[in-house]
Each structure stands twice: as C-alpha cells, then as structure tokens.
Amino acid sequence: MTRVESLISAVHKPEFDILRVAHVELVVTDLDASVAFYGDLLGMIVTERTADAAYLRGWEEYLHHSLTLREGPVAALDHAAFRVYEDADLDRLEADFRARGCTTRWVTDELAQGRGLRVQDPLGFPLEFFHAMDEVERHTQAFHLQRGAPVLRFDHVNFHVSQPERAFAFWQELGFRATEYISTDGADERITGAWLRRKPTVHDVALTAGTGPRLHHFAMWLAEPSSVLRVCDQLAAAGHVHAIERGPGRHGVSNAFFVYLRDPDGHRIELYTCDYYTGDPDHPPLRWSVTDPRCRSFWGTRAPDSWYDESSLVLDLDGKPLETEPATVDERTEVMA
Amino acid sequence: MTRVESLISAVHKPEFDILRVAHVELVVTDLDASVAFYGDLLGMIVTERTADAAYLRGWEEYLHHSLTLREGPVAALDHAAFRVYEDADLDRLEADFRARGCTTRWVTDELAQGRGLRVQDPLGFPLEFFHAMDEVERHTQAFHLQRGAPVLRFDHVNFHVSQPERAFAFWQELGFRATEYISTDGADERITGAWLRRKPTVHDVALTAGTGPRLHHFAMWLAEPSSVLRVCDQLAAAGHVHAIERGPGRHGVSNAFFVYLRDPDGHRIELYTCDYYTGDPDHPPLRWSVTDPRCRSFWGTRAPDSWYDESSLVLDLDGKPLETEPATVDERTEVMA
Amino acid sequence: MTRVESLISAVHKPEFDILRVAHVELVVTDLDASVAFYGDLLGMIVTERTADAAYLRGWEEYLHHSLTLREGPVAALDHAAFRVYEDADLDRLEADFRARGCTTRWVTDELAQGRGLRVQDPLGFPLEFFHAMDEVERHTQAFHLQRGAPVLRFDHVNFHVSQPERAFAFWQELGFRATEYISTDGADERITGAWLRRKPTVHDVALTAGTGPRLHHFAMWLAEPSSVLRVCDQLAAAGHVHAIERGPGRHGVSNAFFVYLRDPDGHRIELYTCDYYTGDPDHPPLRWSVTDPRCRSFWGTRAPDSWYDESSLVLDLDGKPLETEPATVDERTEVMA
Amino acid sequence: MTRVESLISAVHKPEFDILRVAHVELVVTDLDASVAFYGDLLGMIVTERTADAAYLRGWEEYLHHSLTLREGPVAALDHAAFRVYEDADLDRLEADFRARGCTTRWVTDELAQGRGLRVQDPLGFPLEFFHAMDEVERHTQAFHLQRGAPVLRFDHVNFHVSQPERAFAFWQELGFRATEYISTDGADERITGAWLRRKPTVHDVALTAGTGPRLHHFAMWLAEPSSVLRVCDQLAAAGHVHAIERGPGRHGVSNAFFVYLRDPDGHRIELYTCDYYTGDPDHPPLRWSVTDPRCRSFWGTRAPDSWYDESSLVLDLDGKPLETEPATVDERTEVMA
C-alpha cells in the first residue's frame, strides 16, 4: 500500500452531514463589470442586487444564490460555503472545528440565508457551513431566456494548498471521499492534486499543490460540451477573448469537458460538464502519475503558466487577505516531465 | 436504364447561369407575429422594415435579404427568387421562358435589389431571377448577438407538384442536376420526390408529389445538429411548441439533420444542416424506393399527415392565388408501404 | 395542499440505506441476438458470458454487471436490483418486507455477486437488494474501444403500475424522494406518472400508470445528446430502424435528452442523458398537468401508442409470469388532452 | 485601394475549369503505420492497397481515392491533385503552364485514374490535374461501419510559400477567388496568409507565409464539431496523444471548427468542419490584421511554434526533394503582435 493509498484507506464518518459545496463569495473591485461578466456573458441569473453586492444563481438552481459578488478594494475569496443536511449539523461542525483549534464565528445577517458557521480551516481557508436558504423559482427549461453558456449550477471549488497531504487528510476527516489524485512516482510519493466529493460527482473540493492558501478556481456546471464551445465563441465575439485562459478540452482527471476563464478581477472560473457517478461507498480512487501528459489535459495540451502560478487571495474571518506560503512539492513537476 | 434514369441522363447546359436559390417572398397575415417568429424565435437578422414588409437575412449573408415577409390578406408564396451569375443572364432567361410560352414580367422597384425577371413557370410557380442586390455587413462571427437557431443562410425551396416528372424535366432544362430521388418500384416507375441543385449541395429545389402548385417549404441552413435541438428547446419554452411539426431527425435523402416548423400563418420552414458535396459533374444521383422507411426519416419516424397534406398557396404574377390540382401519383404510397 | 402533495409531504427515513437502482435481469428468447443488440449495437461491455446468460456493463462501471440477459422461453423481467450501502442493510430490508407480508427469498449463487434479497413487492414487482459485487476495470476513457452509443452506466427503471398512488406511497416508504410527477387536474387528482430517486438524479424508479405489474423500460446513461443521435444513425444504418420506437427528443419531465428503443424481444430500453441534480433534502417536486403537451415530450411530439400500451411481463420469485390488471386511472388522458 | 485589394480586384476567367482540389499523394516511411493512422484512427476507407501504396477515401466520396500514401525513403508531398471539369481542360492547362515556362509531364499509369498532367508550378509546388477517376461506392450513411472522426471528404491544401504575394497572384490567375487573407498593417502591407477557392467553400488552397515550397497541411472535412472532439478522445485513448498538435478550436479565418494532427511522419492533417458558403461572384474577401489575436484561433489560443516552423518537403517531378527558401515576410509577426 502506497503512502497515498494509506491516507485514503481510512474511512471517516463524522457526526455531521455536509451535502455539497454550494457557493462562493468573491470580493470584486468593479461590481458592474463582474455582474456583466457572470450575468450577461456567462449566462447566470441575477437573483438580487444590493448597493454593494450581487447574488447570482444557475438556471436549474432553486436556492437564492450560488455566487455572491461583493464590491471591495482587493479581489479575493471571502468564503466558500457548504450546505449541510440539517441545521443541527452546524452545531456539530462548530464543535469539530473548535476541537481542531480553528477560529469559528456565527453569521446571522446574510441575505436570504439562515445562520452560517464561518471557520478558518487548518489550511487557512475561509469556509462557511449553512443549511437554510430562501427558495426561488427554478428556470431549468426557460431555454428561450437563457443566454451565454448558460450556467446551470455550482459544481466545485479548487484550492491552491501548500501542504497537499495535510489538506487531503483534513477534507477526508470531514467525510469527503477521494475520487482521483495525481502523485509523484517513487517511494517518496507526493500528492500534487486531489479530488474529493460529498455529492456523488467527481468532486466538491479539489486540492492543487501550489502557493496557498489561495482559491485556484470555482466551477459551474453546463449541460454539455457544445455549451462550452458556444460560450467561447460568444466571449471572443464580445471582445473578451483574453478571458479564455485554458481550453476548451477534455480533462484526464474527472473525464469532464472544460474551459477555464478569468473574470475581470482575474478570479478563475471553470465551466465544466460530463463527469461521472461516484456515489457507491467502494468507489475506487483513480491515481494518475504526474508524468502522464494526459492527466491535466487528456489531449496533451500544456496548461499555460498562469494556470499554475496565479490564483485568488483568500480572506481571514476579519476580511484581511491571508499570507501565503509556497508549496512543499513542486507541482510543476508534472509539466516538466 | 429505368424511366427516371433516362430523364436524368440528358445533361443540359443552358446559356444562362443560375447560381442558386436565394430568397422567398411570403405573404403573411400578421407582419408583427411573423417578424417575431423569424427574427426573435428562429434568430434571423431584420435588415429593414417598411410599412407593410420586413426583409430578413441569416447571420453569414452579405446580401440585403433572403426572406421577405409582406403583409397581405391571404397567406401565400409571392415568389421564389434565384440569383444569376451576371445581369445579362436575365435576358437569356427571359428569352427561354418566352419560348416556353410562359408569362414573364420585369420588376424594377424591389427594395435593395436590381431588376428582377418574374415568370410563371410551366408548373405554375411564381419565380424570380435577379443578379444585383445591395450588400450589407456579414455577422458570421457575431456569436454574442446571435439568438435562436441561429439561422445562417438560405438553403432551398421544396415545391408540391402535381406532375413530378414534368417538373423534374423542366428544372433539369434550366441546368439543375438531380442528386437524389424517391420513386415507386416496378416497370411503371413514378417519381414521388426529387432533389435538384445548382450550388454543390444536395439541392436548391426539391419537388414533392402532391396537390400543387404549392410551396411545401423553404429551408434555412444552421451550423450543426445541436443548433436544431436548441431551437426546439427555445420554441417549446417560449410557448410555441405547436410550431414544431416534424423532427428533429436525420433525413435519409440528403443525410441532413432537420426540423420542420410552421410559422404563424402555417408556412413551413425547415431548419437544415450537414448535407454533403455534390459539385462534380459525374456525381451519381441516388435513388430511394418509396417503400424504404428510411428515405424521409432515416430513423424510421413517420411524418405526420399534415406534412404530406398541407402546404402554402402560390400567387400568380398578378398576386392572385393559383388553382391547384391533385397529384398524378399517390405520394402517400411511401408511407403506406 | 393537494392529494398528491399530501403524499409527498411525509418524509420517510427507513433504517436501511438503498444507494440506487443497479441492474435488471431480463429473460430473452435468443441470447445471441440480445448480446448483439446490447453489446455491438448499443455499445455495452460483455463482462462475462455463460452457457445461458450474459453479463454486461457500461464503460464507466467498475461493478461486474449492470444488465443480465438470461435465455428463457418467455421474454420477461426476472428482477430489478438495488444496491444498498452495507450488507447489514439487507437484513433490515428483509424485516421490512416481511412486516409488509411480502414474499422474500435469499439468493446466494448469483455470478459475481454477494447474497441477494429477493422480494415480491406489494405491487407484485420482483426486486432484489444486494451489497457486494465483484469489481472489474473501469473503461471510462477507453474512447478508442467504445462503440455504439456508447452506454456509460445504468440509470433507472420505469414500472407500469395499475395503482399509481399505492406504488408511489410504497417507494417513498423505502426512502425514495419524489422529484417530478404528472397528475390529472381537478379535485380528484390522480397520479399518472411519478419519478422517485435515491441517488441525486431525477430518478432511480419511475412509475407509469398502465396495465401492471410490468416493466415499462430500463434506462442507460449516455455522455451527451450527440451520443443519442449517433446511436440512432448506427441502428438505422445497421438495418435496425424498427428498434427506434420514440424520439430522440427532450423530455419535459426530467429535462433529459432521450430515445426509446425496443430490443429483439421487445424489451424497452431508454438511452438517457442530461438531467439535473436533486440531492438537497428540500428539493421541490415538480408537478406537470396531464394536459400539458410538453410533459412527456418537451417539443410536443406525441408518443406512439406502443409506448403506452406495451411493456415487459415480470416474473414472480418462482420464475412464473405474473398476472396483470388494468390501470385504475386512464393514463392516456394525457395524450387525449 | 490597398495593395492586396488591388491584387484581388482583377478577376481572372481562364479557359480551363478547375473544379476543386481532390487529393494529395504523400510519401511515408512506414506504410503500415500510416495506414493504421489514417484508416483505423482517423477513420478513412482504404479503397485499395498495393505493395508500396495505399489509396484511401472519406465516407461520402465516390471517387477511388482522396489520399494516396506511398512508401519511400523521405517523407514528402509527391503532389497535390486538382480535378477539372472535363478531360479537354487538361490540354488547356498544359498550354497555360508551358506558357509560364513551367515543367509539365503527362502521367498515364496512375491507379484508378485517367491521364494526369503534372506540373511544377512557379512557386515550385508539384501539382497534378486530372479529370477521370474510377467510381466506387459511397458510404455516407454507413454509420454502423464508420470509425474515428470519421473523415467524410477532402477539403483543402495549405502551402508554406516564401513569396506570398507571388503565389497569391498565381492562384488567382488559375481562376481561384480569394475569400479571406491576413496582412500586415500600414502602407507596406504584406500578405501573411491567404485563402482561395474554386468550389464554394472558404478554400481549396491556402497560402501561409513561411519557408517554402513546403506542404503546411492538407485537410479533411468532418460532419460537425463533436466529430472533432471525439477523434481527439480516441487518439489520446489509443496512445497517440502526441499526434494532437493544435486545437481543437474555432478558426477566426474561415469560422471553421478544427484540430491539427501530425501523422507518423510528421505530415500535418487538419480535421475541419463548418465553414460557410462563398459561391457568389461578388463574395467580399475578408481581411484580418496580423495583430488580431483571433485570426488564427478565434478564442485567442496561441498556436505552438511547431505549427509555424514545421511542414512537409515537396518533391520535384523527378521525385527529388526541393530546396526551400525562407519567407520574405516575417509570418511570426502575427504571433508576436
């Protein structure tokens, strides 16, 4: 059993039930520009807009929002939010995080949402857990109104972490199951990427070795590959060709069809579709060697440097950007191989 | 050599050069409703609108219009127009039609167009030939503005003809080449459908045995099959589910992917994509037996009765609806087989 | 609160944890013909073949089989199987079904599978519950070997039930959650179709009002709509055009893109893709009126009579075809509306 | 009028009628490997194979071959062949090329083909003109047998030319019409790329500024964008990920969806679909500035250096590789811009 296989073999069944990753709140420096990007160009519904924030959702979503854009001086991730099965799960999570020595805080004034538990996780990431959110109308089949991609629903977050194995162990302790990972070859195997899930898709959370804690990207689900192609055509036609950073293409990991975009503040969003079912408890995690040119891009296309080097700052619970530290494993190994 | 093969074997090289079918002018009873259908729902560009007419084109077209909608009391085809290589071809065509004993007329006051030769062809159809038309901007890659299908360009017309063999011979005399046909089996072979082309696609003109002269449908070209599916989703979502008459599906004849719609007046439009190249002079015409369930719908789906029975009246050169006569061959044979 | 809403409002949390529907075993009268259909034409992997049976799976599946074809004298459903979270769930299920007065039986000699609990459910359907099955290699990305659709994984079963409300209550008691339903309008609301899920897709089990107990169809998941179109092209080209019964098209219910096929024995299989996420506990069930032409086919296409009238016999636990009874609600209401 | 516009404005109507580019003959160093690549992986039909050559065609083609692979010591283009309307056109072409001082030669022993006129054109390229070729069966709708992309038909050739303006003038004199071009900005405008057509698509022949004479690539037509994606999946799965050089993506020029592959000898083939109709005589050529990041890749993706630097040697009429000379315009301008 390899080092990573040992990490995976321990199945955790915590007392709380995290359903899935549900939304992110981004600090953006020009709210109008960001709303135009996510609403008009990518095709999300703007559920509500206030003086300094906008709340958006995908076309099949019935909860109030899956993306919050809040205007502020420094572009960053304010927090990534996870929905739990029932309100009482929040208390169990608070106890768990306190036992870890993590800072926790209750938030009760979020628009359209019940109480939220904010924590700074052991890796430094600002997480939120919540159960209640206002319901709004689904528009899954409002094809005549849809535009852009269109974006259907929130799918996952991907974090840049300096200590991949430590982050990997932490998320498994929260009840997440590994579905795929990339690691170095040889006896001193190191994780350079890992995908973990609660909902039975390839992931709710991915971990990428890199300077962190930072948000590498969040991802929205589209209906099918042709949606990915169409949004690229539309972005380029609308004068936003520089927003297209990587792809479109097929991932090796996850098998999904994807494109990575950069929003007006440089936040990275992946448009993502067609991964696979992972919900059985014995679902076997899939390992990729960092030397396999197909793991990141199944068709072998090298990701640009920016995709490896750049990602979004994250805020602490007081709204201050967190210091970062370089990765303990050279993630670029995989591209140099 | 069969009866139809004999008809095909004679290659005609007339003095004039018809490039392709270029547009139709439809009389519609509610111009606003028709503009909403073709412009907003199907996604055509409205180049210009006058008091009683609208001129539309597809997104890759640089000529002023490929569809004219003119408000009038009775829904009908005013004329189907063909573009010729040079202006002098019009005079040669006039001579040809006069020699046939057909009524001809010059029209010089059409919006954005040079002189047009109007004729009532031997089968009764109101045809127009023209060379000059105002050029406008192409918007092939204005993906961010496109909506609906979107419609890219005019592709073909399909006529309901009572005497298919006579019509077939006539169009060949104009220099059109047969690419495919459906015929009855046995010694007294009859044509029930025929496809003829000038531009090197499967057709500019198709002939369907049926009560005629009537316009069975005209067709617009889309980029790919997913465009056909999307416009169906949008029509149904927008409350126009009854506009979808037949399909989507794959044609046996032409191999194209298609859907047939009915506009607010019942005019039939086909959205059509992915046929094949036919431009070599020895391109072998393909015969289908009427008993082959795949000739009309490659997947075997029976067309609804309305698709066989209903089509648009055509006007004579004075704007009066033409009398029709029933077909001399029972076209329904193919569905009864 | 309507009658059906009352049925839905009661949330059941049974002691056992059914993960999902996992496979069906069909009795087929010509094993070679059936293997050719599912293996060669639709593109499933034949994991193993014995003297009288074949075990197939989709390309992303790592369990030994998701479709068993067993040769026998009368085409029928032998059983539909559901996977549970752990082996002990089987004992809890046995107790539950015994308490209902249902016949139960343990099966221990199934190829590549652990012990199975067979029951004849209150509606008469032969169900199996199991946990353990041999693991085999996944071929999710063996694109160069894939053929046909290709079929990726088992998705759902659809049962013809004579008493829809009774069946609906039963499946909810097993912990299934309703996602969509079709019902008659007015005070004496009746269910004519219902969709229930364990895994967070639109369904594991659907109920269609009709002469039952019979298997209406089972469904396999494809990657995307273009896969559905391709398999139709291939079936027609290979001379199996009559296997295509209904579609391709978009469902109103489920939003999925689909086609229904009939196998050589008339068993109906749906190829299905692109539904949506339903995994949150407050996911609101969606009601469709039987009078909405878009509920069965979003584009309004009427399903053929065979789709309503015909379905597969089911066997009792001794392998004898079960008597059927007509539906207590006229399901055809929806097409006559 | 700019310098390039002046070049375009002269319309040439030569005495001969070249229908279209029809095939290439490539010298390959390992015939088995090349047949496996084009036949099994890309999905072309091998019409015939001899001791040292293989003749392939696309699935909708009824002429004997559109690609000849001939084993030899040095990978190169033996010749690119153009079909003419009638046999007599060949004599007219011979006269034309002799008048230009070009070497010409008649070839009468080509498999399945009538007499061919071979010329070394003013830029050094080995061209063939022919009219007659054996007809074979079309398999447009043999979807059940198709594999790989599949490849449907030959579309175009793209030549690396050191003197773009001279080549541009030459092809126009043969009756080709410019549809699009890329040029430098400013008074001393230079062509860095040009697209010219006989059949009414975007091109039969493209010219790319670069070290020449060399064959940059030839292109085959696919049915739709999803075909391009599928062949990439299959190539990567089959262990040929390094064959994928650039794309998939949307071209700015031509609007086509494409991918560039390298065959076992490094010959470049483009799989290409969805360009537009260009057949009207007043079709306006479209100019792109070399500084527009969208002209080569509409989504802005930079082509790899190999795509600019590498291309196939061409042979003289005696089968000897031709000397090349560097381009007179720095084609890389467009990527450095």
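So that you can tell them apart, the chains are marked A, B, C and D in the order they are listed, and the count of residues begins at 1 in each.
As a working rule, a residue touches a chain if its C-beta (ideal position, glycine included) is under 8 Å from a C-beta of that chain, and two chains touch if they have at least 3 such contacts.
What you see is a predicted model, and the numbers here were worked out from it, not measured in a lab.
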- [ ] Report back the single chain whose CA centre is most distant from the CA centre of chain C.
- [x] D
Task: Comparison of A-D and A-B (more C-beta pairs in contact) - done: A-D
Open item on the list: As a quick test, compute the distance in whole Å between the mean CA positions of chain A and chain D.
Closed with: 44
Open item on the list: Could you work out how far the Cα centre of chain B sits from that of chain D, in whole Å?
Closed with: 33
- [ ] Measure off the straight-line distance from the CA centroid of chain A to the CA centroid of chain B, and report it in whole Å.
- [x] 50
Task: Residues of chain A touching at least two other chains - done: 141, 224-226, 233, 235-236, 298
Task: Contacting residues of chain D [partner chain C, same complex] - done: 41, 141-145, 224, 226, 230, 233-238
Task: chain B - residues contacting chain D, complex - done: 19-20, 60, 62-63, 83, 85-86, 135, 138, 140-141, 152-153, 199-200, 221, 223-226, 252, 255, 274, 276-277, 279-284, 286, 298
- [ ] Within their complex, state which residues of chain D touch chain A.
- [x] 225-226, 229, 232-233, 235-236, 241-242, 244, 248-250, 257, 293-294, 298-301
